[in-house]
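Below are structures written as structure tokens.
Consider the two complexes below, in which subunit A is the common component and subunit B and subunit C are the respective partners.
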Partner chain A sequence: MIVGVPRALLYYVYYPLWRRFFAELGVGCILSPPTNEAIMNSGARAVVDEACAPVKIAMGHVLALAPEVDYVLVPRFVSVEPRTYICPKLMGLPDMIRQSGQKTPPLLAPDIDMSKGYFGLARALMDTSRCLEKGLWSTVRSFHHSLAEMRRIKHKLIAGQTPEEAFHGTSRRRKPGRRLRIAVLGHPYNVYDPLLSMNIVDRLRAQGIDVITAEMLPLEHISLGLSQLRKKLFWSLSKMVLGAGLYFVNHAAEVDGIILLSSFGCGLESLVADLLERHARRQEFPFMQLTVDEHSGEAGLITRLEAFVETVEGRILNARNLSPHGDHEFRHAGTP
Partner chain B sequence: MRVTFPHMGTMSFAMQALLENLRLQVVPPPPITNRTLMLGAKYSPECVCLPFKVNIGNFIEAIELGADTVVMGGGIGPCRFGYYAELQQEILQDLGMRVNMIVLEPPQGANGGLWSRISKLSVGQSLWHVAAASYFAWHLCKGLDGVLQSLDLLRARETVPGSCDRIWNAAQKSIGQARTYRALRRAEKEIRHEIATLSLHLHKRPLRIGLVGEIYMLLEPKVNLHLAERLGYLGVEVHRSMSVSDWVARHLVPNPRARMHTRKVHEAAKPYLRGFVGGHGLETIGESVLFAEGGIDGIIQVLPLTCMPEIVAQSLLPSISQRYGVPIITLVLDEHAGEAGLQTRLEAFVDMVGARRVHRGGGVSCAK
Partner chain C sequence: MPSKVFLGLDVGSVSTKVVAIDALGQVLASSYLPTQGQPIAAIQSALREIARALPPGVPVAGVATTGSGRVMASALVGADVVKNEITAHATATLRVLPSVRTIIEIGGQDSKIILLNHGVVTDFAMNTVCAAGTGSFLDRQAHRLGVPITALGELALQATSPTRIAGRCAVFAESDMIHKQQTGHSLSDIVAGLCEALVRNYLSNVAKGKTIVGPVSFQGGVAANVGILRAFESALALPVIVPEHYDVMGALGVAYLAQPIAGQTRFRGFGVVAANCQVKGEDCDGCGNRCEVVGFSINGRVQAYWGDRCGKYSHENYLSVGT
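Up next is the complex of A and B:
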């Protein structure tokens, strides 16, 4: 039996867990290729126009896997921590795929719902074991083992690797001597999708800019950022984005600027981006929101990135020149 | 303390009655106009859903009239509504408007329980008094919703165009402004009498169209561009899947009848949608199935642009349409939605539904 894993949505968070889980269970598992035009277009044709780009891309990956697999893994993600949710669209995604009128293999779609407590996980495991025709005990044991994998990956992320690098061990040494340090925030499937984000992380790195994303921050820092909020956020994805954003805004020494990459029409981000922008503006912290969808062109993105990097650089120079007893005088004293 | 609240269909009347009966000074927001929409759109994030923007417009206009306290709903759901109030406070603050926002939500939502928030509103009044005032507001809301529902059905048959609208205006003034049970009963009796004596085309068999979708868009007439009235004038009997009092009964007060209906709706939705998707996405599916099984002629889904639960529902509606052979259209509205465009689409849809009925031998279409 072969299960296909779409390289989309929460793949960018949970893939190591799934991979290890299927390996332990002795189930074959294949991954769809990185998002390309063909995948995006086939997905966009199969779902309603109003859906956001990540959902269209996910649909495309499911279709790309269809000929080769017995099952496609599309968990019905409701919630991964108590009193917190993922996104209404992901709660409906398996049904949207089933009723898209496309030929898809059966879905492996356990309900992942821990909004009312972690016992929700038990149900997901039971569903999965039944669907894959494996014993419940071995399912639970495999799951337990695969949790360790997540911890191992988190260390790699904190060391500054992107999920793709950490998952597939493709990280290369980068030269030190960075010009700037910029935070790129957003839902992982926006930030790391090669097509949708137009490789924003690599693009910035190629210019000698150090990039840090929310996934690369220790969770304590995220909580610290979130402690600024009056009301607890109830979306896991947004907690990462806003937590990291608020942390950076209030620890200005950590990064020089924040870029928020979101998909057009994303419900969560419409609130969260605005909230973060307000906080950043009050502290006069460089902030830019980039909104992308399946039609956005590369040229626009490049121009805006360049402009932003320039502003951030200008600001740093300015701050140096203006500081009354900063390194400005010190440096001149040293030069003949 | 001068209190205001956001508009939402008949909820506004109930809210005003509740607050006034708590002996608060109430500044109701002016009726929603294009200016409201414009203000809301200007100061809200661009991609946020329309109800948020209209709320902001309401608040700003009420604050201009001297309101200093805003009562708003909240909660923790997968959808955006639960976080509306947080961002709205920040927006008003950044605009330099000094207001105090009281968010009514279940205690787990944020620090400080629901009760402490209500008691902020009910300074020095007994729990009993608050409960009584709420109960009255609930009756008032039910009364208005009842009238609205009858008029939705009758407008298609009125002989004098506009007579239903006249009754509705009268009801808003009499029932809506009642503050005692006595006044309420008298007003309801008068309006019922007017409805009963309305002159109607009795031989007509109007088309029946069900309205489903996002609750705010269903219930706020200015924002849905008077969808129900428009359909009525096109000779259609309108069946709304939900009213404000239904919503209150299903979500706020333990009510066995409402609970049973909810269960029925969820059962009906099961084959299409496995579970809750936030907002009223599941209800949209379930109610559509029930409408279709009840032999309705057509279904219209309304949603604000970018509404997440309704986008899920929208993707699933074609299956229902196919299974039952019911035409379904989706109207996506935002602050730029134009009346002319909407009217054209509605006319085309009503024509199509009418032609189908004739075709199926179901009788003569009554579209004028």
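Up next is the complex of A and C:
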């Protein structure tokens, strides 16, 4: 028996948990390939037209796995912590797939609802193993190992690895570069999807820029950032983005600038991006929002990235040229 | 006769600009031509114009390219610097008008805002998904109204009471204009309304949330339109300066960036105007991405590749981000 895991959406957060869980249960588990144009196109054709690009990509991954597996894992994430929720389009994903009229293997779609407490996860895993006809004892043991695996992965993330690197052990030594550090924030399935993000993390790293993402921050830092808000956010994905963003804005020594990568038409981001931008602007902190969608033209992204990096560098250079006393002394850019 | 010249090329979606400056930064010659979907031919004709305007035999000491076609332009002419448009525009403006704090740039398909302070860029933004409120939209509307694009600005100034046009979306703006025409509004009122709509759209979309501090410089091809200039002045309640070389500022900016180049330039010489250039696209079937890889060759020899996501072909180019 083989379960397919689509390399999409919350794969970028929970894959190690599922991988370990299935391994402990003795169930085969395969992963769809990294997103490519063919996956995106097949997904876009199959899913409802108002869906965002990440959901279209997820559909594409399900279709890519379909011929090879007995089940496709599409958990219905409702909530991953008390009093917060996941985006409704992600909640509705199993239904969207079932209603798409596409031929797919049966879905493994446990409801994951931790809004009332963390036993919600245990219940979801029990439901999953019941579908796979596994016993209670092996489920409990597997659950235990899965949680330990998640903690191990979090250490790797905090050490600066991206989820893909941490999950697959593909982290490589990077040469030290121009000593610039930029935070790339956004929902993990936007930031780490190679097609959607146009490899933004690798692009920046290739220029010798250190990239830090929300996933690489300890959770205490996220909470510290969120303590700036007057009201509690109830969207989990936005909490990560905004918590990390506010933390950086108020700890300006940690990064030199923030790039927020969001997908076109994202309802959560429409609020959070504006909120974060206001805070960044108030502190005169370099901030740029990049909106991505299905388009494949990279020129727009490259131009904006390049200009942002140069803006950040220009500010640093300029700060060094400022006189510590009274009047500002500065040289114009371009003066030989 | 100048001892040496530096060339700046700005290959945009709609127009191609080339500027030649001397060692002191004085503009010796400039050329502005429509790209018309054929950037190579446009670059070649623009360079031909420049070569004709320059004294014969003057050496070219540095070349730089910018604009959405900068990578191809660089492969064609052999550039020493390849820069994004934001840096190019900021560099030019800081040299020409050092006191400017805000740059409004509206080109064919891009519009930008650049905020400057103490001689550096502090913030910038570009239009996102939609080209409403850029030059191509104005061009199309001028064509539809049967007014030459160059006369659009003067016409707007004759308006007595500008009509209100929806500026959010080019499609809605067009249907709104047709409606206004059919209810009998004068052409000048409609055109003035269009100018105001474009400015409103720019301020709420591109300049969203940014504080615009004077002096303001308005540049790019659309700055030729006095109607838009007046609309900006009244919307911002600030004086707006249009620099002398407003239409070629990007090219001028990269020409300045080419100036510090020491050593041998990579410029292939003005001979490229007659070179036989070929661009050949081929679908790579290495993976599911099916990238359309473009190979660029001059006189039968491949000079550069682009369009591949993985870098299988383009890794040999010097064309990656940040060069």
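We take it that the second predicted complex is superposed on the first by the 318 of 336 C-alpha atoms of A that agree within 3 Å, B and C clash if a C-alpha of one lies under 4 Å from a C-alpha of the other, contacts with A are read in each partner's own complex, and residues count from 1 in each chain.
Definition applied: contacts are C-beta pairs under 8 Å (C-beta built on N, C-alpha and C of every residue); 3 or more make two chains touch, one makes a residue touch a chain.
This is a predicted model, so every value here is computed, not measured.
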| item | value |
| --- | --- |
| Fit-or-clash call for subunit B and subunit C when the two complexes are aligned on subunit A | fit |
| Partner chain(s) touched by A:284 [first = subunit B, second = subunit C, both, neither] | second |
| Which superposed partner A:227 touches (first subunit B, second subunit C, both, neither) | neither |
| Touched partner set for A:50, first subunit B, second subunit C, both or neither | first |
| Vertex subunit A angle, Cα centres of subunit C and subunit B, expressed to the nearest 10 degrees | 80 |
| Contacts of A:76 with subunit B and subunit C, given as first, second, both or neither | first |
| First, second, both or neither for A:273, with subunit B first and subunit C second | first |
| Which superposed partner A:38 touches (first subunit B, second subunit C, both, neither) | second |
| Touching partner for A:311 - first (subunit B), second (subunit C), both, neither | second |
| Which of subunit B and subunit C A:170 touches, first, second, both or neither | neither |
| Superposition-derived minimum Cα distance between subunit C and subunit B (Å) | 6 |
| Where subunit A meets both subunit C and subunit B, residue numbers | 264, 274, 278, 291 |
| List of subunit A residues in touch with subunit B within their complex | 47-48, 50-51, 76, 78-79, 83, 85-89, 91-92, 94-96, 99-101, 111, 229-235, 264-271, 273-275, 278, 291 |
| Complex interface listing, subunit B residues touching subunit A | 45-49, 74, 76-80, 82-87, 89-90, 94, 108-110, 272-279, 281, 305-309, 311-316, 318-319, 332 |
| Residue ranges of subunit A in contact with subunit C within the complex | 33, 36-39, 195, 198-199, 203, 206-207, 264, 274, 277-278, 281, 284, 286, 288, 291, 293, 299-300, 302-311, 314-315, 317-318, 322, 328, 330-334, 336 |
| Partner subunit A, residues of subunit C touching it in the complex | 68, 83-87, 90-91, 94-95, 98, 118-126, 128-129, 209-210, 256-257, 259-260, 287-291, 309, 320-322 |
